[in-house]
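Which chain is which? They are A, B, C and D, in the order written, and residues in each are numbered from 1.
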Amino acid sequence: MRVHVLYFASLREKVMASEASRELQDGACVGDLWNTLCREHPALEPMSASVSFAVNREYASRDQALRDGDEVALIPPVSGGR
Amino acid sequence: MFEIHREPIDVAKVVAAVAHPAAGAVTTFLGTTRDNNEGRQVTLLEYEAYPEMAIAEMRRIGDTARQRWPIQEIAIAHRVGIVPIGEASVVIAVSSAHRAAAFEACRFAIDRLKEVVPIWKKEHFDGGEVWIGSQVGDVFPGGETEPRK
Amino acid sequence: MFEIHREPIDVAKVVAAVAHPAAGAVTTFLGTTRDNNEGRQVTLLEYEAYPEMAIAEMRRIGDTARQRWPIQEIAIAHRVGIVPIGEASVVIAVSSAHRAAAFEACRFAIDRLKEVVPIWKKEHFDGGEVWIGSQVGDVFPGGETEPRK
Amino acid sequence: MRVHVLYFASLREKVMASEASRELQDGACVGDLWNTLCREHPALEPMSASVSFAVNREYASRDQALRDGDEVALIPPVSGGR
């Protein structure tokens, strides 16, 4: 299956791209995609503890299964502030 | 009204969006660019959004606010791109019959927005720039190290 | 800015009055004319002030807010005369570095204004008119029967 | 001594005047002035429990002594509302 990946903010700058397409094994989950991307872009690895994910514009956990055509967004910590 | 755009936010327009003949109270919150942060002289802030999801999350905040408080209307406008010192990056307005609900729902909306809406802030300061929240070693704003749902 | 006038209140002007480069938050409260009250169909509200004392009391609310919260600026504008349905009789704006202070001080300001600032409201409704708070047998809004200090 | 009296809102309508001047005995207090006014305008009497007073634009208690030239405002309950 193929998924569409969106990078934002600090992650976009680290990979120097705002989007990409990735071929994954059937049954792959969000965490598998993240691990794949980290192997390609070791600069992502330090964000492992803080990155969140959205699948088709809904927050998703790392063990959520992916399906062909999914839009997966890598979401660094949002703006925050008090 | 839930919107994201690059132009300066017109506060009067956001307030007008929550006008209601049965409303006796309207509260608003404006998040503005401060000239300093953690001892740094800030020169400007730059916002980036995942617009489709951000609008959906803002709408969800509005739905939750309506479920929790007897409010009439709620509107959220967020600016992206460069926001100079003193200008607003976000404006929230809430109307209700009596003021307690409008105050509480407005406070809830901005607190929640800062936690869940996919909009990021890059601080430009004298000598550098940084994506707030993404400094190396950072964890989530609340201190969790697990992704938020 | 603490002012009383007969013209419609310009919200953007009140917000501009609390602008400050070190402010990251601005909260506002608008009190607007509701089309109903205690089951009556309200047609309009009419406000009367003791202007010199009202301005002095508004200024005092500002001073107290500054003492209690780390706010940058506070402004209060009150309209007198006829205020049609949906229009604002009072607008309060507060700026602060972080939002908690602006929310709390704004809520304090409107609560206190309604208790101590000498401005009166006559409700015009289908079939009559009444000075709110002065109906025969009424006591103070809080239920006290002693004059407030 | 002579004091200047201001009537507002419901009180203004009851006495059909927005201001007046009153001669009082030296040593008179706010409460004495109120009693004098109630004798002249019995319609004020029902407001006794709810009226507040200001002397020279500061809230004042009923036992505050008045001085020649004071501006005394009779303050019905303020607009209130939640």
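Simple rule for what comes next: contacts are C-beta pairs under 8 Å (C-beta built on N, C-alpha and C of every residue); 3 or more make two chains touch, one makes a residue touch a chain.
As the structure is a prediction and not an experimental result, all values here were calculated from the model.
Note on chain placement: the centre of chain B and the centre of chain C lie 25 Å apart, centres being C-alpha means. Centre-to-centre separation between chain B and chain D, using Cα means, comes to 49 Å.
Rounded to whole angstrom, the centroid-to-centroid distance between chain A and chain D, based on C-alpha atoms, equals 72 Å.
In chain A, 81-82 are the positions where the chain touches two or more neighbouring chains simultaneously. Taken residue by residue, chain B touches two or more other chains at 24, 31, 99, whereas all remaining positions touch fewer.
With chains as nodes and touching pairs as edges, the resulting graph is of another kind, matching none of line, ring, star or complete. Applying the touch definition to every pair of chains gives A-B, A-C, B-C, B-D, C-D. Across the complex, chain B is touched by residues 81-82 of chain D.
Of all the residues in chain B, the ones that touch chain A in their complex are 31, 47-48, 50, 52-53, 56, 114-122, 131-134, 136-141, 145, 147-149. Those residues of chain B lying in contact with chain C across their complex are 11-12, 15, 19-36, 85-86, 88, 95, 97, 99, 102-103, 106-107, 110.
Those residues of chain B that touch chain D in the shared complex are 24, 98-100.
Residues 6, 8-13, 46-47, 49-54, 57-59, 61-62, 73, 75-82 of chain A touch chain B in their complex.
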